[in-house]
Amino acid sequence: MAETLLELQGVSKSFGGLKAVQQVSMRVPAASLTALIGPNGAGKTTLFALMSGFLMPDAGRVFFDGQDITGHKPEINARRGMTRTFQIVQPFAQQTVRENIAVGAHLHLAQRALALEQAEVVAQQVGLAPLLDKAAADLTVAARKRLELARALATRPKLLLLDEVLAGLNPQEISEMIPVVRGIAQSGVTVLMIEHVMQAVMNLAERVWVLSQGQLIAEGSPSDVTRDERVVEAYLGHGTAARLRAMGGAA
Amino acid sequence: MFDSAILIPSLLNGITTGAVYALIALGLTLIYGVLHIINFAHGAGLMLALYGVYLLKERLGIDPYLALPVMVVGMFLLGYCLQRLVINRASHGKDENILLVTLGLSIIMENAALLAFQSDTRSIETPYTLATVTIGPAMIAVPKLVAFAGALVVSAILVWLIQATDLGRAIRAVAREKQGAKLMGIHVDHVYAISFGIGLACLGAAACFLLPAYYVNPQVGNGFVLVAFTIVVLGGMGSFTGALLGGLLIGVVESLGGLYLGESLGQIGIFGIFILVLLFRPQGLFGARS
Amino acid sequence: MKRWRRDIAVIVLFVGAILILTTSSDSGVLLNFLMMALYATLLAQAWNILGGFGGQFSFGHALFFGTGAYIQSIAQMQWGLGAWAALPLALLGAAMVGIFVGALSFRYGLKGSYFALVTLAFAEVFRILALSVNFTGAGVGLMLPLKESLANMQFGSPRGYVYLILVFVVLALLISCWLRHSRFGAYLQAIRDNEDAARALGVNPFGIKLGAIALSAALMGAGGAFYVQVFHYIDPGLAFGPHTSVEALVAAIVGGMGTLWGPVLGAFLLHGLSDITRNLFGQLPGINMIIYGLVLVLIVTFMPRGIAGLSATLRARLGGRNG
């Protein structure tokens, strides 16, 4: 088993009476491409916020690269090598694509000229090169998603947390994005993605965690997990698994 | 130092002033609660209203208390038009823009008054300006007592309006969920403008109560702006109860502060509270996090 | 790389133009106009650093102006320092006040309207303090003795003052240029455009904003020190009152927030406008500020990116979205 890059131990978070995340423990191996899935409202984005430091857990600990980072601020974690993207894209609207990505590149490059150059390189990597001088506010949703990805990539992360990077894309755009994500993982970056697009999850992920109502209900390979009864029930409702079995006969 | 003969009058004074502050703050609270904008022009609006009351008395001989309906309606119309025709259009919905537009309006209003009236401080004389009433060890000026009572009455009417009428329901609906309200057929722009108008109408009423015991000059708004904001933030943005209690509290703080620290430094007490609340308890004493 | 060279080139041209005008003209009117317009420019540039590049709108920038003005006066009149020795103290003092207000505000996450209100409150507090305390001259204010000499930073003709203010304006231009082409500036603008996204990329909002407010305050303090050297007088209302705060922000917004030349354009335009109105309407009180207020409302309504952003505004109106 490869070494663990990110580890959660019994992490919990409540908002008022709502238990958003309950006792989640997981280990993300280094240099892996993994996915976090679950029905809407399961708490996946909250979990990302807890991992990256945007939220402080009520209980439990978060370890990154062997260090306890529980409650540390996002900017500190980013400097350690953990970068996240946002489910609802957050571009620097007034700035160009190049300038947007450069902000990420500046994490390791102090000189403006070098950061701008690096921004071009990263833009090439994700296929945004033709749009480098466009204002972020003028981009389509698909382009903005790529920009979100490029910006995070420019920080040379060890761990990239992608929050629904495929949401809102049409099938063509999805099939264009999948190889990009795979390429990033192959270059050595550990990727953990929140995804609803099952095609991508099955295609890309080595390991999948399933979150439902704040609790981790299953983990394993994509095929194992999608056959897991509890997972089916979480997505399709109580009793579905039994009904499917009754209907379908042999699996 | 704590001689009740000095303390009680100061307290009572503070409470009577506080009631008027509360009325001013209520208008601001309504505007913030519904439109979610911080109306930087609130102080200037009060100043204009004070001049309005002044002119009605000096030019037309109308007693400030009798001028109440005129002022309330007049300020309401002013507020409605400002919101509908200027602020709404200028802001494009962006918060920073609204901030700047209300600031711009306040500058225009203040200096238009300066142009029209020069910077002299003016006050009015009525048969009851100097009359006082004795309560315990305190002699309270009659205008202040009327201000106290009047402010409470108007506040009560305002709260009734918001809680118990159809209009109030529409306003609350828009405040909570603009899109939903729109889908219910509520004309949101109209409600926004009405809310702003009511906010300014409160200033009209406050001015009628204020002028007999106070004065007016073009800068007078500045003093009230920060006090009003302090109250609104202290009471909790969007909370009526908070604005009422906050107003009374601030009135007392100002009075006691003035008593012990002198007029100028007493004011600092208020701003100090303001800064502290903003930093350490921005939801105020009663407010919900908006 | 090439971009900053171009910016520097334009700055050089600008300085050259001002110098040519100043040395070749004997017209008191022109020299006075240049002096006051450049002074307004400095104030606008100072505000622009925090408000335009940083996105933190301060409505009480006079706080730093007044601090600089009072320190400049007190250092000379009560501590026996020369004008040039007092100057760095004025800048430092203003920067420290900036850091104080910034540390409190940013530590507790004040943004938008709340930040604007807090700056207003602080300016008022300082005004009242200055009014109540003796070493600031209380309500009477402080009057700097008239002693014209270069060593005293007091000049007989406006020409000397134009050179002086030009130095500050160029300093501010260079700082703004640096903001456009540096990591610090990129981080500052990222925070302005989306603080959460910036944090996810490793940007430390507190430190960066603090740096911005310190720079902004120092430049504003320079404006205050300059004011005192020119007018030989300061009092609490002039120092901390709303007039200066408004002047600074309106000029920056009208000219174009977050740009290099916006504050220059805005300040020259507004100052020119107010000179014209003064000629047309005489010394009518308040007319100046009414114009400022009107222009502010109009610009925010129709041209939110200011004059410098006019081409972008037009392009957005006429063109469409693509990509």
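For reference, chains read A, B and C in written order, and residue numbers begin at 1 within each chain.
In this text, a contact is a pair of C-beta atoms (placed from the backbone, for glycine too) under 8 Å apart; a residue touches a chain by one contact, two chains touch by 3 or more.
Not measured: the values here are computed from a predicted model.
Visitor: Among the chains, which one keeps its Cα centre farthest from the Cα centre of chain A?
Guide: The most distant chain relative to chain A turns out to be B.
Visitor: Work out per-chain C-alpha centres and flag the one nearest the whole-protein C-alpha centre.
Guide: C
Visitor: What whole-Å value do you get for the distance between chain B and chain C if each is reduced to the mean of its CA atoms?
Guide: The mean C-alpha positions of chain B and chain C differ by 32 Å.
Visitor: At what distance in angstrom does the C-alpha mean of chain C lie from that of chain A?
Guide: The mean C-alpha positions of chain A and chain C differ by 43 Å.
Visitor: Taking each chain's centre as the mean position of its Cα atoms, how many Å separate chain A from chain B?
Guide: 49
Visitor: Across the complex, what residues on chain B touch chain C?
Guide: Within the complex, chain B touches chain C at residues 38, 40, 86, 89-92, 95-97, 99-101, 103-108, 110-115, 118-119, 218, 222, 225-226, 229, 233, 262, 264-265, 267-268, 271-272, 274-275, 278-280, 282.
Visitor: Can you list the chain C residues touching chain A in their complex?
Guide: Interface residues on chain C, with respect to chain A: 1, 181-183, 186-187, 189-190, 193-194, 196-205, 258, 321-323.
Visitor: Of all residues in chain C, which touch chain B in the complex?
Guide: Where chain C meets chain B, its residues are 57, 59, 104-105, 108, 110, 112-114, 116-118, 120-122, 124-125, 128-129, 131-132, 242, 246, 250, 253, 284-290, 292-294, 296-297, 300-301, 304.
Visitor: What residues on chain A touch chain C, complex-wise?
Guide: Per the touch definition, chain A meets chain C at residues 52, 54, 73-75, 78-79, 83-86, 90-95, 99, 102-104, 106-107, 109-113, 115, 131, 134, 138-140, 143, 151-152, 154-155.
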